[in-house]
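What follows is a pair of complexes built around chain A, which joins chain B in one and chain C in the other.
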Partner chain A sequence: MSIVSASLDHAGGPDGALNGDALNADARREARGLFALLSPGLFLVFAVIIVPIGWLFWLSLFDESGQLSAANYARFFEQASYIKTFVTTFKVAFIVTGACVLFGYPLAYMLSQLPRRAASICLIFVILPFWTSVLVRTYAWLVILQRKGLVNTWLMDLGVIGQPLPLANNFAGVVIGMTHIMLPFLVLPLYASMKTIDVDCLRAGMNLGASPAATFRQIFFPLSLPGLASGVVIVFVLCLGFFVTPALMGGGKVIMWAMRMEQTTSLYSNWGAGAALGVVLLAVTLALLGLFHWLLGARATGVWSRR
Partner chain B sequence: MLLSLAQSALPIGISGIEKRFGAVSILSDLSLDVAAGEFLTLLGPSGSGKTTLLMILAGFVRANAGSIKVGGEEIITMPPHKRNIGMVFQNYALFPHMNVFHNIAFPLKQRRVSAAETAERVERALDLVQLKGLGERRVDQLSGGQRQRVALARAIVFEPRIVLMDEPLSALDKSLREHMQIELRNLHRRLGMTTVYVTHDQREAITMSDRIAVMNAGRIEQIDQPEVLYARPRTKFVAGFIGESNFVPVECRNGSVWYEDRKLRMNDAAPSTGRHLMVVRPEKLRLVADADETGGVNLLPATVGDVIYQGDSFVCYATLKDGRQVTLRDYCRSDVLAKLPAPGEPITLGIDAQDVVLVADQ
Partner chain C sequence: MSMENALPISHRQRLWLYALGGLVMLFLIAPSVIIVIMSFSDSTLLEFPPQEWSLRWYESYFGSVEWRDATIVSVKVAVMTAIVATLLGTAAAYAINARTLRLTSAINALLTASLIIPVILIGIGTFFLYARIGLNNTLTGLVIAHTVQALPLVVLTVLSGLRSYDMNQEMVARSLGAGRFSAFFQVTMPQIRFSMVSGALFAFITSFDEVVVSLFISGGETTTLTRRMFNALRDQIDPTIAAISTCLIVLSIVLLSAAQLFGRGR
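Then we have the complex of A and B:
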């Protein structure tokens, strides 16, 4: 019997047991001590998460004249530009996530199959861009993709195309730039989950008569799904709130949610409307996480319970 | 149908297998014949190459040279999924995303067996490994012993010609392991599939096998039936690896064998020359009264070091005249207990002529 469980047995009042009071007091002291250790963290969560989000929500309930109203939310249904921004945001998020899966899955698979040394070297090339500023990377893409950029100059010099391709300052540019920035967010969790797949499971598959392709399809791929799902969730959610790349690569033609917020607050100084945008984005993100959780189970999102 | 493996069991002919990893030789010129329906165990310490040989049989590791014939057909370059060999992995390698039924049905699905027949055969396989009614369980809801049985059912449900097992019981606790040893042996007797079993546990090998191939440093030291292997080890390694042994150096002169100044009585033909060791098993030694030296017994004078009582038996550590330690073990019958020597007491140990085994001293 441990000291803690002994004191729990006697919790709720002394019954004359040997040292009952002292043990109860000791248990309470321990509980207070543990709470005291927890309190800096709790304070931080309260100060930087609960308070700002509550404030955001509060702000969104007032219109420009300072009157309590639902006008900021009504705007989502009334103004076509809001709806268009919403649709664009989701379109970009879907396409970028799809492109990340398309490029990231084979990449993660290759990394997981390489010998340890080679894998860690290749992994550096995945992580290195991760450490570079998003702004720098986006400008780099602009240099590469613009009308007189590297790609267009080369293709025209080679005679492949007569006119420069519209790769920057449009939807394509946003997708290319964002895919590059999002790729590590998909590859890293996917790679980690692929590394945990037991080689013997794949061997067992082949031993039991499944060809290498069938083994991949029936065993490797299903076992990599939790990692793929968490990568997809991370990329999709990050895409929804992304600002820098669409702002620079979109050439003003691709307006995403975060850009709308920036315009509303800095250009029009309408804090209520901006706050409402933030609240809606947060709600949609949470709803999406809930949907993924429901579809794929807790392992994919890791947000709720862990089995 | 599931019980008709005996007719389709095939012999395995392994010859000249070489395997090197870089400059390190794992298997060198290894040859081995497994009879149809035989339960053969590869026994050896870790690093002896037994698992590598199993991997080459299954097709997961490519040999540098050699031939593997199953029923006369060469399979050395055949990909694993075409070999039709069942395998039980050390960690079971059950598919975690499938339930018990789908794990066992997996090999049948690959062979395009109809759904109705699959259900029937999985049911029978589950019955065979005493897991009836657990088909819907998830793999992570099973105990270690149950997982082991599922792995076994999956390896035999497609009626493979050969079954390979890579230390399948090593993850189970002792009592379950002993129970499963008997169960596996009975299952093998019922189904009669040619089985190659890998273990480093000599007791397990002795309990289960028709024959045991003792491996050491990439070679087979000796291959024999368990009782022959135990009673007549041919090398020091085999004598040391299987059972407990003390080694007593002896000398071969003029066609007879001498321990110090005594001529050894032995049934086997004496080696002509060279330094040899006498293999002395603890249970082959007995305490003899000094006087009764008769025809068939060799006497070894010794001094008692320690006597350890173990309930059903006792162990006596004794020191021979040359300072070498030997161990004697006997059951605690009342007549033996009454005459138990005390530490420091001089005693005479006896070993029968038929129990004298010599191995070369490397």
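Then we have the complex of A and C:
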């Protein structure tokens, strides 16, 4: 950098105006070249994501007879089945996010406290499921939780229960399966943020006489909250639009938002209604991410496309 | 760093934490382990642990024309997606890294849009678009849709490679007379090739495992493996899927280790 900028400074000497034009032209050519490198990727994203979503939004503004109307949105408040879908979706999202915090926080905390080598080995247990197909993991839970599955067989053999518990093809199955899939999305950003907490702060607290529990409560926990918030937002947002696990584990009884969208468009070919559902889902997602950004001044990191 | 973990708390005092963390780790890994073991069972009942061992579910997977065709479609699409996404993603990352363009944050937002927008909406939107331009049930359509999903991963991976590379080296090559392209291919690319390979592997697995968009836009002769699995699971729990799942788990492990290995080299 220094070599280049030094020579540029020279060029801008007494006859700078002349060279200045040449340099500006050069800079413009450079910018055009760089934009040409970006354009194929940008074009694809624009054509495959932005255009269709804009199109669907446009469609959602018209009723079945082609009249401009809010009918597609009004039905969300009028039809009980839509209200039920939203209630189910938010219930699942809250429970799964809560479960992820409950299980994920201790794990992330343990990972952050382990020596580096042990931590990187334990991290495999988080990263491997993260990169394993959602379909494979949902199938595994179906097998484990079904009526004659592993959990029921073992519990009955142990005499804990007399009847098989209904664990799959219902609400419980959806929550268990989704918790498993969402957990890494909470643990990874939380762990990353815990690693940045300065151990000296904790040591100072303990030197001043705080017990380990008080050090955790008064120093570590508050410092870990931004990372936790980031994980919570990611998990909650992913839950709202999640499709695969509720579709396979819900037994047709647990209808979540994304399933409703699929049914409305594929089964009933009602594009306006399906599009309206999508628009509201996108708006809620962006609002939550925006709120988080505004509150903490940080981007929710690690929203990877493993869904 | 050498002071890390130097708090005056013994491992003994932390036993409860290790126990709790261990249980959560077990919860995370158990389903994969159980499926791998069950896939070698001889029974149709998917009992655990299996009473008799056999490879019949693998024979049923590899012997079925339908499963084999779906696997071939998925492999083809994933390979092409990896190639296209790596080319486009590397070009984009190079441009972003130069930091001379205005609107960088808008460009970033657009490129990473597929990470934030609910995938179900992308699926429906893509189906809607493809229905009008005749790309539903085509390999090209699948590759384009998967490339869009994989692009952010490639851009982020290559960008992190470029950030740890000193761009002055390319400047020097150019000031010594190398053209723009030969400077990139002879000086820059050899030094970021590991992150490009990692990006390609991530793109491959993103495409191979993709379910939701493929459900909408693949079908007939271009039915992907995940779509066929999804439909099979809606009907019944076929033990053949345990064998397929095991293959997918092994694939994930292999690709992840390779990406890790390439990420470390440089």
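Just so we're on the same page, the second predicted complex is superposed on the first by the 239 of 307 C-alpha atoms of A that agree within 3 Å, B and C clash if a C-alpha of one lies under 4 Å from a C-alpha of the other, contacts with A are read in each partner's own complex, and residues count from 1 in each chain.
Basically, contacts are C-beta pairs under 8 Å (C-beta built on N, C-alpha and C of every residue); 3 or more make two chains touch, one makes a residue touch a chain.
None of the values given here were measured: they were computed from a predicted structure.
Applying the stated contact rule after C-alpha superposition, one finds that A:90 touches neither chain B nor chain C. Touch criterion met: A:104 reaches chain C, while chain B stays clear of it. Of the two partner chains, chain B is the only one touched by A:219; chain C is not. Touched residues of chain A, counted separately for chain B and chain C, are more numerous for C. Using the contact criterion defined above for the overlaid structures, shared-chain residue A:198 touches chain B, although it does not reach chain C. Once chain A of one complex is fitted onto chain A of the other, the partner contacts of A:265 are limited to chain C, with no touch recorded for chain B. Using the contact criterion defined above for the overlaid structures, shared-chain residue A:206 touches chain B and also reaches chain C.
Looking at the shared chain after the overlay, A:73 reaches neither chain B nor chain C. With the contact threshold set out at the top, residues 203, 206, 212 of chain A are in contact with chain B in one structure and with chain C in the other.
By the touch rule above, chain B contacts chain A in their complex via residues 58-60, 79-87, 89-91, 93-97, 106-107, 110-111, 154-155, 158. Interface of chain A with chain B (complex): residues 198, 200-201, 203-212, 214-215, 218-219, 222-223.
In the complex of the two chains, the chain C residues touching chain A come out as 3-9, 13-14, 17-18, 20-21, 24-25, 27-29, 31-32, 34-35, 38, 45-48, 88-89, 91-92, 94-96, 98, 100-101, 107, 110-111, 113-122, 124-129, 144-145, 147-153, 155, 168, 171-172, 175, 180, 205-206, 208-209, 211-212, 215-216, 226, 229-230, 233-234, 237, 241-242, 245, 248-249, 252-253, 255-256.
Taken together, the chain A residues at the contact with chain C in this complex read 1, 3-4, 27, 30-31, 33-35, 37-38, 40-42, 44-53, 55-56, 103-104, 106-107, 109-111, 113-116, 122, 125-129, 131-144, 146, 148-150, 153, 180, 183-184, 199, 202-203, 206, 212, 240-241, 243-244, 247-248, 258, 261-262, 265-266, 271, 274-275, 278, 281-282, 285-286, 289, 303-307.
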